[in-house]
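Next come two complexes built around chain A: one with chain B, the other with chain C.
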Partner chain A sequence: MLFVKKWALATRQLRSPILESSLILLVGLTLVRGLIYLSIFPPFLAPDEPAHFEAIRLIGQEKKWPTHEVYLTTPMHPQMDLIFRQYRIWTLVGLYSPRENLNFTSNLFIYYYPPQVAGIAIQGDSYLMLYHATVAPIAAMLASFDLVSQIYFLRFVSVLFATTTVVVAWSTIRFVFPEQKIFALAVTSFIVFWPMHSHITASINSDALAELIASLFFLVLVLTYRKGITIFRGIVLISLLGLATFTKPTVFFLYPTLVAVLIIYIGRRLRWANIVMGTLIAILVAMTWIGSLFLFENSNGGRSLLSLFSSPLRYPNWSTYVSLDALNFYIKSLNFAVVSFGGLFGWSNIHIPWMWVRILAVVLLCVMLGVLAFIYQNLWPGGTNRDNLSRYQKDILLIFLLAILFSAIGLVAPLMVNQSPSWGIHSRYYFPVIIPIALFCFLGVRQLIPTPFHTFLLPGWLIGWILYEIAIFWVVLIPFLFS
Partner chain B sequence: MRHFQIKPYFYLVGAVLLFSVILMSWLWSGRFSLFQTSSYMSLYGLSREHLYRGHVFLLTPDSKVKQSFVSKYPGLYKISVLLTSQGKLNQDIDLVFHLRESCDTQYDLRRVGTSISASDFDGDMFYAFTFEPLDDSIDHEFCFILNANLEQNNNKDTLGVRASGVDVYSEGKAFYDTPPKETEAITTVEPIANHPEYKHKFFLPLIQSEPMDVDKLDTDVEFQLHYNGRPLETIGVFIRRLTNHKPYFFNSPEFYAFLVVIYLSGLFFLIRTVLAKNPRDN
Partner chain C sequence: MPIKRLTIGLLFILISAGLIAIGHSSLNQLACEGQPINNNVEPTQAQQILGDNVIGQSFVSPRDGLNSIHIFFLTYQRPNTHDVTLRLLEASPDITASPPVEIFSTTFNAATINNKAWQNFTFPEIPDSSGKTYLITLQSLQSVDGNAITVGGIERNVYAPGSAFLGTIPIPADMAFRACYHMTIAEKLQVLSKQITLNRPVPWSNAIFFWGSIAGYVLLLIGLFWRLIKLAL
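Let's look at the complex of A and B:
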């Protein structure tokens, strides 16, 4: 409560009628979009949704911790197969139905779902379970409802997480750029209108919570950097780091990010030369890279953290990371990443047309060039526009940039270790850095637009996202889901 | 002399009226070709993993491939069938496509004759048969029949239709009509079940090699239905499918109309706010 009060006090000085009305609209739109997405996607037709639901149900309704033994002895929800049949889920995902096609009669979830998707059930002894434990009490309250209602309610919890993220993102950017109102609107509209974000945050999945925790971390970090460290803010930061540790490996990048913040903060205070700070950050990046390879080599992609201490340490096999086959695999993974950014819905089986993927790849490449140009002109020592930003803004942008880099390392490391498409770069894996990514995307686009046309930038950005979403709905989602 | 000025909201009212007239005329007399059934190629032995067993029904002069199905939307006007050839075709092949009320009747509702160009075909390909739209095709059962005129063809050319290993389409069934002596015309695509779970739990019974019994074959060919129906009827079917099996207010069309109106209003006000008071980019 104390934090909320302080936050409210701090935001009071940043008030602006136009922004506030826009924020209210964006929050309302997030909720409405959440309801639309959660209701048009059939139950369980979201990434890993059956597995997440079953784990939550076991904790909340069966009062059992979802271990392998529990899955072997506890029947799945009695309506699960019925719902799969009513909504044609197995057909929609292009898989055989265990009951209808394969004559499989077991009522155990571990034999019903995981073998069909060549995956695993979410087990409490080898998976980070904060999300499941958090929403389990809600699942317990919903026990008397029918299964579809339970799914819709739990999906709506994710929508609420996402709505909070929108408010947090708005506040964060307003703290960084209090005078440049356009940035807060641009970043929040990216978060609200990105179709993949709407889909994942309207499903039962730990990504919405992971994103919220990371976004809160950025907000407190920005606040702390601006107003100085206090015991209270320190505790909040450490607590958020602790929560992140038990939510999802995609949030682990917060650890090196915090170290980078300390380097930059201390460096500024002690007036270190740029070369000293740059060297320290380069060492941090290298250590994060190597550490990630070790982590993913030894912990099933960071999910089985406990196994780090119970089995002998395996060393990364460096030679396999740089072979021709590996290079070919990385290019395919990059292609997958573009598809997943543009739209890869359901069980990663409903995708945007391939022509769109090519166009999107070109657009993203241009945006990336714009980002590089922005970094060179505004952040790089000796850049031509360095005076346009304050020291505080430059530091925060540098921290955001490093956060994106650390998150990218966390996504690429399992790919290098496993060389398997099952570790593809899904867009939901970088939701935790959605604020920095949205900001840099907008800065990259802005860099590409000549200054006289900047007046049209925000309307164009907004209308572009809306048109893209309309195309996604009418070309990809509606024809697939309701044909 | 005072100049006559049109007030801004007249423009707005005019635009709304014009839009309404265009919309109404489209709803009344237009066509709506958004919907088509999706492809589930992975179920026909064509997924990357090739986990499933599929069949190929070879098209020979005496054989017919039939598939019954239920059309969901109005304006059924095109059916794509997944054809496959073992390598490049040597010459063009004539195909005849029949659409009938059922697989047992002889009367063709629609008949399409076409020639597959040898140069265009290699491997697996959806081949579309287009015909005059059937306006009364909502929830209507049909059957399509495919046969090839291969008399002029040499024996090296093989053209077939992809079919699943088991029943994957619950609203219809495929039949392979062929004289008894030619049952060997069915070839089987074996799955590569490399995942240990698949080998031991589900797929072992499926990949056992057994003689094919055509009469007992419970299978479906891979096909897609395309619709180009009247908008009002199409939207009606869409809403029915959207609300089907859903609890509480989620099964009410009014709820979705409400959501859409709220959402569009939110978008309108957001764009208006941004356009009217575009925040300065300092």
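Let's look at the complex of A and C:
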């Protein structure tokens, strides 16, 4: 409550009537889009949704912690198979029903979904369960509803998480760039209109909560960096880190990010030379990289974190990371990453047309060049600082950049360790850095546009996103789901 | 100020053009029926459409006005150069009972086909197609091993009213195909409403919920752009 009051007080000076009403409209859009996305996708047709739902149901409705033993003894929801058949889910994802090819005759979830998708049930003895435990009381309240309604209501909880993220993103960018009104609008519109974001945050999945926790962390971080550390802010930051630890491995990048913040903060206070600060950050990046490889070698990609110390330590196998096969695999993974950014819906089986993927790859490459140009001009020591950024803004941008880098390390490390497409770079894995990514994407595009046309950058950016989103909805999703 | 207004006007034209393009593409696919799923990710050489290999798919038209067929092709990621013939035949419900009658035939070059993409074939509307059984066949006498295309689909009989065929023999599989009909936009949206609300609980079982949400979305978008214009001007 105290934090909300302080936050409201701090934002008061940044208020602008037109901007504030735009935020209300964007919040409304997030809610309505969330409703539309959660409604058009049949139940369970979202990444790992059956597994997440069953874990939540076991906690909330069966009052059992979802361990392996519990899955072996507790029947799955009695309507689950019926819903799979009624909505043709196995057909829509191009798989056989377990009744057809696995001779599934029991009523145990662990023999129904995980073997068919070569996946795992979400088990409380090895998986990070904060999301499931948080949502479980709502599942308990929904127990009397039919299964489809339960799924839709639980999806709506994710929509609420995403809506909060939009407000947090808005506030974060307004704190960092109070003069550049359009930055907050651009960043939030990226979050609101990105189709993959709408799909994942309208499904039962831990990604929406992971994103919200990381976004809150960024908000408190920019406040703290600007106004100084207090006991209260310190406790909030540490609490958010703690929550992140129990939510999803995709949020672990917050740890090295916090260390980077300390390096930059202390470096500025003690007036370290750029070379000293650069060296320390380079060491931090290298240590994060190596640490991630160790972590993912020993914890099933970070998912079995709780059993990390129960088995002998395995060392990274360096030679397999750089073989010719490995390089070939990395290129394919990059291609997958572009598809997943553009649109890879359902159980990663509903994708945008390949022609769109090629165009998107070119666009992303251009944006990346724009970002590099921006970094060179504004953040690199000796750059021209074309955008007249303050020291505070430069530091925050540097922290955001490092956060993206640490998040990328966290995504690439399991790929290197496992060399398996099942560890592909799904866009939802970098939702926790959505604020920095959205900001840098916009800055990259802005860099490519001549200054006299900057006035029209935001409308153009918005129109691009909206048209893309409408095209995805009406050309890709509706024909696939309803023909 | 005039330049700003001009640019806003241009952006408005851009939106309209984009929406028209999306609407056109979408309307072509709306209210079509068939089997859209392809899990034939790595097609075998045996699936090539060549020589006497005739690949077919039967379907029952649910309504009148059949006027186009969409087929999902695979090219083995190589250039293919020979002609392929598509035929649409009207058949008896028991396809093997009597020889089917050709309704439409067209020949296209395999070079015009994109890999893993839908290809549309439009023909004069069949006004009384409702309830009739049709057979789509694909043949390429000139194609040879290594220079032939194939179709996407699923190795299961998921499309209940029809089946895939190899020559005249039905196989437990279905091509990825869509059959589309001459309909007004309102009729198409009505069909979509029925599909979207099928088996859904309240309030999702009511089309008003979906169209109301979309209307709310459009209104919010208009509001946002109105704010933006005020900000820009």
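Rule of thumb we're sticking to: the second predicted complex is superposed on the first by the 477 of 483 C-alpha atoms of A that agree within 3 Å, B and C clash if a C-alpha of one lies under 4 Å from a C-alpha of the other, contacts with A are read in each partner's own complex, and residues count from 1 in each chain.
In this section, contacts are C-beta pairs under 8 Å (C-beta built on N, C-alpha and C of every residue); 3 or more make two chains touch, one makes a residue touch a chain.
Here the structure is a predicted model, which means the values were calculated and not measured.
Superposition of the two complexes onto chain A shows a clash between chain B and chain C. Looking at the shared chain after the overlay, A:F329 reaches neither chain B nor chain C. With both structures placed on the common chain, the touch criterion links A:W465 to neither chain B nor chain C.
By the touch criterion defined above, A:L457 reaches chain B but does not reach chain C. When the shared chain is aligned, chain B comes close enough to touch A:P115, but chain C does not. In the superposition on chain A, A:G94 makes contact with both chain B and chain C. In the superposed pair of complexes, A:G28 makes contact with chain B and with chain C alike. Once the two complexes are overlaid on the shared chain, A:F246 sits clear of chain B and of chain C alike. Within the superposed three-chain model, A:P353 lies in touch with chain C and out of touch with chain B [touch as defined at top]. In the superposition on chain A, no contact is made by A:W289 with either chain B or chain C. Superposing the two complexes on chain A places one of the chain C stretches 4-12, 112-120 or 184-192 into chain B: stretch 184-192.
Residue overlap on chain A between its contacts with chain B in one complex and with chain C in the other: 18-19, 21-22, 25-26, 28-29, 32-33, 35-36, 39-40, 86-87, 91-92, 94-96, 145-146, 148-149, 152, 181-182, 185, 455, 458-459, 462-463, 466, 474, 478-480, 482-483.
Those residues of chain B that touch chain A in the complex are listed here as 34-38, 40-43, 47, 49, 52, 72-73, 166-170, 195, 197-198, 201-202, 206, 225, 238, 241-242, 245-248, 250, 256, 259-260, 262-263, 266-267, 269-271, 273-275, 277-282. Per the touch definition, chain C reaches chain A in the complex via residues 4, 7-8, 11, 14-15, 18-19, 22-23, 25-26, 29-34, 36-39, 114-117, 154, 156, 158, 178, 192, 195-196, 199-201, 204, 209-210, 213-214, 216-217, 220-221, 223-225, 227-228, 230-232.
Across the complex, chain A meets chain C through its residues 18-19, 21-22, 25-26, 28-29, 32-33, 35-36, 39-40, 86-88, 91-92, 94-96, 145-146, 148-149, 152, 181-182, 185, 353-355, 455-456, 458-460, 462-463, 466-467, 470-471, 474-475, 478-480, 482-483.
Chain A makes touch with chain B in their complex at residues 16, 18-19, 21-22, 25-26, 28-29, 32-33, 35-36, 39-40, 86-87, 91-92, 94-96, 98, 100-102, 104, 111, 114-116, 118, 145-146, 148-149, 152, 179-182, 185, 446, 454-455, 457-459, 462-463, 466, 474, 478-480, 482-483.
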